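Two complexes come next, and they have one chain in common, subunit A, joined by subunit B in the first and subunit C in the second.
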Partner chain A sequence: MISFDFEYFKPKTIQETIHLFHSLVTKKKTPLYYSGGTEIITLGRLNLVYTDAVIDINALPEYHTIRFSEGYLVIGAGVSLTKVEEENPFPLLSKTVSEIADRTARNKISLGGNICGDIFYREAVLPLLISDSLLGIAEIDGLHYYPINKVFNREIQLQKGDFLFNILIDQTYLDLPFVSMKRRQQWNVGYPLVTICALKKDEEVRMAFSGVCPFPFRSVEMEDVFNDKSYSLEDRVRRSLQYLPKPVLNDVEGSSEYRIFVLQHTILDALQKLEGGPNV
Partner chain B sequence: MEYIGKSVIRKEAFEKVTGKAKYTNDFQETGTLHAKMLISPYAHANIASIDFSEAWKIPGVKAILGDEPFPLVGEEIKDRSPIAYKRVRYHGEPVAVVVAEDPITAKKAVDAIKVSYESLPVVNSPREAFQENAVLVHENLDRYEKREGVYPVPKTNIANLDKIRKGNMEDGFRESDVVAEFQISFNPSDHAAMETRCSIAEIRADGEVIITTSSQAPFAIKKLMEWYFGIEPGKVIVKTPLVGGAYGGKAAVQLEVIAYLASKAVAGQPVKLFNSREEDMITSPVHIGLDASIKLGATKDGFLKAAEIQFLFDGGAYSDKGVDISRAGAVDCTGPYAIDHIWCDSYCMYTNHPYASAYRGYSHAEVLFAFERTMDVLAEKLNMDPLELRYKNAIRPGDTTPTQVLLSSSTVGNVPKCIERLKELMNWAEGQRMEIDDRKIRAKGISCIWKTSTFDTNATSGVILTFNPDGSINLMSGVVEIGTGTKTVLAQILAERMKMDISKIHVKMLVDTQTTPEHWKTVGSRGTLMGGRAVLNAADEAIRKLKEVASCVLRVPVEELEVADGKVYFLDNPNVFVEIKDIAYGYTFPNGNTIGGQIIASGNYTLTRMTHLDRETGKGKPGPEWAVGAQGIEVELDKRDYTYRIIKAYSVVDIGTVLNEKAARGQVMGAMSMGIAFGGRETFVFDPYGRVLNPQLRTYRPLHYGEQPEYIIEFIETPHIIAPYGARGGGEHGLLGMPAALGNCLSAALGVQLKHLPLIPELLWRAQEGWKDDIV
Partner chain C sequence: MSNPITLNINGKKRQITVRPAATLLDTLRLRLGLTGSKPGCLNGDCGACTVLMDGVPMKSCLMLAVEGEGKEITTIEGLINTPIQKAFIEKFAFQCGYCTPGFLMNCHALVYTEPNASDERIKDWLESNICRCTGYREIEEAVISVLNTVKGTH
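Right, the complex of A and B next:
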């Protein structure tokens, strides 16, 4: 039950959408873009999210499509996690999103929504961080593409009114060797203690993390250590930890010291799998 | 037509699978107002001020309740204000209630209430509560009104103490060669029933109070409304439709009282109060926590001689059902073993945690985690196989229970036989612990179980049967259909006795205390025994009445008549018969003369020869019989990172004659699933200020489909002679041994004695790697 009232809009074009957002702001409104709606609904009922103007962007053309174009896989930000999982255009991404929430929620959660959400795990971004993907950002003067590492740092960096419209992944990344591992407090359901996505490109390992800190991240410094083969695997893992961002989470899912324990083993498993051969 | 043991599909199945079944919140009546609670963000605080002025400005607000000395309530001790007054004692406690035209308006108004709190130091565990000089949760414990047989200790946090004194402890330990001591603890948790609690109350112009509620105890509400507000029981009408899972959580009476006060505040208009999931988890009563110390003495060949036990139950901020739960814990304070010398102090402690309601098993899974873990500690000390230790000590007919009840083959199931069968099923002979490779270990753990009920000694159950013109029967019982299928089992019992087609039995699912005869409470796995005996009594009366009419019609003496297959016939010549449909509404002769009318029969049953427990020794007979069992769990554990998978879970339970095979299996399996979640994942996490950090299903996670192990369930059928067709209670038993078996299994795997629940990998890591148990 959401106790605040809001206006509802469903624009048809990107331009219309962004103009609408700015005009609502001018009218002292607090607009929010609505994609899958899972956070607006679940956090709104707890008064943790507020809006008085919902802009439903699901009518935008191409927002829900998965296609290949000019050497890129192009995924609309409105594509549901279920669709990513079922169509499986990028196995690393599909595997990773298939572990988020539960099926009923994944039917609604959009790829863009998971990346831009308030709930800080944002695991869908991990495969994108390590595949040099481009994010298509809808801005006031149209759609612009940016390398992900330019516009995503712990969370998406957007100008007010801009929104994530689609994601481009260079097709050469789609069939690289990868691992995607999620470790939870217990069994198969719940937020991650640690989620790792890694792939191997040109004999170099790339790795991104969620659950360790209150934000997802990729660390070039840690990758440098992982790829320094003058050390044993165990040493590389241990040495990499000095570059862990702060703070390490310490909450109901697990203490920070236990998370680091789990993290070490998970990195080790990931490296072993990737260095063991291409087939993971 | 034989129905005993058959997997008859439950009577409400079609309503449920088509999604049409109605639960309390599905009833919408025009003119109903909606209430919403403001709940405390603090576990212990004074309410310095509370300001409703902004809330009153919202159009559609009809009443705001709070900051008012309402009559105190509580099941045994009246220690709780239904809506907090001046002081809050747990996180989630209702502080104010808004009544408005619709739920949204009520919520908006709740958001507009301003409260200022002065926080107080908290009592964050029952062990803390038990310390001398502990912060007091209730300073004026001596001033509370209470029932007989409950003994709060003023100027302490002790809501009640129950004692078991059997034999002589000095003798017991003198006869013992080996002593094992162990201490366990775990936090309160939740029931997480699918249907969150909901109550609708209305006060009619003539003063009748109508309450519709998702409850396991509609008849108890009538009695409590008299104790709380002085309303004559006949003026309180409680209706309970289908209940979407209860597990003991709906045995407590809470929202009903608030809804009643809310209705009173709006001149009796109907008011609905429906819990959000978060409120259902912490505002409404929870699953009790426990801190227990056990000391066992045994001879060197493994015969138990003495058990010294202290339970500190975490009853939470208000005693309510906690008093009786800790009493039930004393009654069956050991596992199902023959022990001559038992000393138990079972305390219900006040803390600043959400307060407790019953939870499936009513303290038995909790107590068994303590006792059965200690049995494995003892087995290790004795260097004895834990299964062998249990087999040696298994309680048998001729032995006495902790409350000194002498058992017979009817009043207790067959523990040794359950253990024997479990041993075969688990292939125990291959060993308890096996290294699979350098990381993986397979391990097995077991627990024995038992349980009786601890009802009021005059607890009763009634049934009314009315006939329809087609000869079919309406069955009305006060048993609430909480999802266990009990009402279908009652129909089976009736069909069996009447020798009729079960499709001709119409079961009234809705309980209405004005027209449905009382069933004390739908708790403690006693629906089949009590409701079933009442059905049999009513059926006998119906048969007698049918025969009386048929006797006139057929000119055959009553003793020479038989009722079966929809007919009453002459035993010597079945061709001389009259169809029931032709006499169910009286018999009409060809000339129009009619004798008799609609046949209405009733029956009831009250538990036999129950006694109160002696205050000093606990001696007494609390329940009619003990259903027993032996359970096991097999896990595969990764030594490196302490993750594990439960491969198989076993239950061999003696629930007497199985009346509905699939229903019984479903009950046992469902209970096992809950027990695995309780043992392996579910807990409230408290911060140092006593606040629950995970009152949401995002972070509080029951077992999900796909996480379950393979379930292996077998029944041993030792009849309880006085029960309908020999059935025993079985709704809870599948849960009871799961946490202990899991603990025993993982302890064996790791070689470390695990003391806490839930058994998450982080806890195993801490236990093994020597971390202090400061967090988990």
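Right, the complex of A and C next:
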């Protein structure tokens, strides 16, 4: 049971939503946007999240649609992970989200909610980081699109009152060879020791990671090393680890030493698969 | 701070006043007397509280009651003499029974949503629910037996 009370709003337009947020702030309220809502409910129950005004954004037009437009795949941030998996417009994204939580939970968790969540794995962002996606951010003066690598640095960088409305992926990325691997300590459901998403574009490998550090990331420095074929595969993997961001997680899922061991082997597996041929 | 809402549960419209912060699970159990949906982890992990929302399984501990407005909600009380319930009995797919309502809701949705589900798909769906008594095998067999019956009638 959530111990605190909140007001509940369900606006119908982006403009109404943003203005509502700012008017609530003016009234000294602490509003939160509500998409899938799973984090607000679970963390709210533990008093780790507080709000006195919930703005449910699920009635916004196109917030739940997947469509193609002008060379882009456009996915509403409110689309459930199950829908991403079943409609499968971007196989790398579908495969990656199919490993998040469990199927029933994925019926509720939204793509945008996973990307913007407090729980730091945010694995749905990995395919978007390596496909140079655009994020449609709803702001006070309308919808603006930004390259993901400009507005996502460990976590999404939003101004107060802004929210993620949709995601655009250049269609040329949708069918590239890819690898998506999630390694857990045990079982088929749960948080990762390491999740890797990689794709090959123009004979170069791009890779993004979750579970290694307390944030998901893509490292251009590591990619430069992966793609330097003057070294052996094993040497490239070993040399890339010097560019690993800090800190490396050291928790109940696995020690930092064990995580790096698993990471090293998972990168090796990913590179072997991607360098094995054009149609992995 | 309460809102009047109307919920369509098991084909009946129920008008109640709820705190917007009330989860659907608490509302079903504590306000409407529908105690078949079980509180387990209350964290979206165990699946004991699973209900159907327009035919789609949802963990009712992860939903606000106000989100249920305008949807067709089915709880275990609304599942009567379905093939999956009979199969659970025939295959001994339960022991203590606490997780059974959640499993039944999920499995009922599975056999209707994916009548040609592969073994892999069945496993994927069943990973949403936790049972501490059985080895899951009997539950899987119950699902397979219903799927085989459905396939046999087409």
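Simple rule for what comes next: the second predicted complex is superposed on the first by the 280 of 280 C-alpha atoms of A that agree within 3 Å, B and C clash if a C-alpha of one lies under 4 Å from a C-alpha of the other, contacts with A are read in each partner's own complex, and residues count from 1 in each chain.
Keep this in mind: a contact is a pair of C-beta atoms (placed from the backbone, for glycine too) under 8 Å apart; a residue touches a chain by one contact, two chains touch by 3 or more.
Remember, it's a predicted structure, so these values are computed and weren't measured experimentally.
By the document's definition of touching, of the two partners only subunit C reaches A:56; subunit B does not. When the two complexes are overlaid on their common chain A, residue A:254 makes contact with subunit B while staying clear of subunit C.
In the superposition on chain A, contact is made by A:108 with subunit C only, not with subunit B. When both complexes are overlaid on chain A, the residue A:191 reaches subunit B alone and has no touch with subunit C. In the superposed model, A:171 makes contact with neither subunit B nor subunit C.
In the superposed model, A:41 makes contact with subunit C only, not with subunit B. Once the two complexes are overlaid on the shared chain, A:1 sits against subunit B and subunit C alike.
In the superposed pair of complexes, A:219 makes contact with neither subunit B nor subunit C. Once both structures are placed on chain A, subunit A residues 1-2, 45, 102, 188-189 are touched by subunit B and, in the other complex, by subunit C. Subunit A meets subunit B in the complex at residues 1-3, 45-47, 102, 183, 185-191, 251-255, 257-258, 261-262, 265. Residue ranges on subunit B touching subunit A, taken from their complex, read 103-104, 107-108, 111, 276, 278, 640-641, 643, 645, 680-681, 685, 693-694, 698-699, 701, 704, 706-707, 758, 760-762, 765-766, 771, 775-776. Residues 1, 3, 19-23, 26, 42-44, 47, 50, 56-59, 61-64, 66-67, 106, 123-125, 127-129 of subunit C are the ones that touch subunit A when the two sit in their complex. Chain contact summary for the complex, subunit A toward subunit C: residues 1-2, 4-8, 37-38, 41-42, 44-45, 54, 56, 58, 98, 101-105, 107-108, 188-189.
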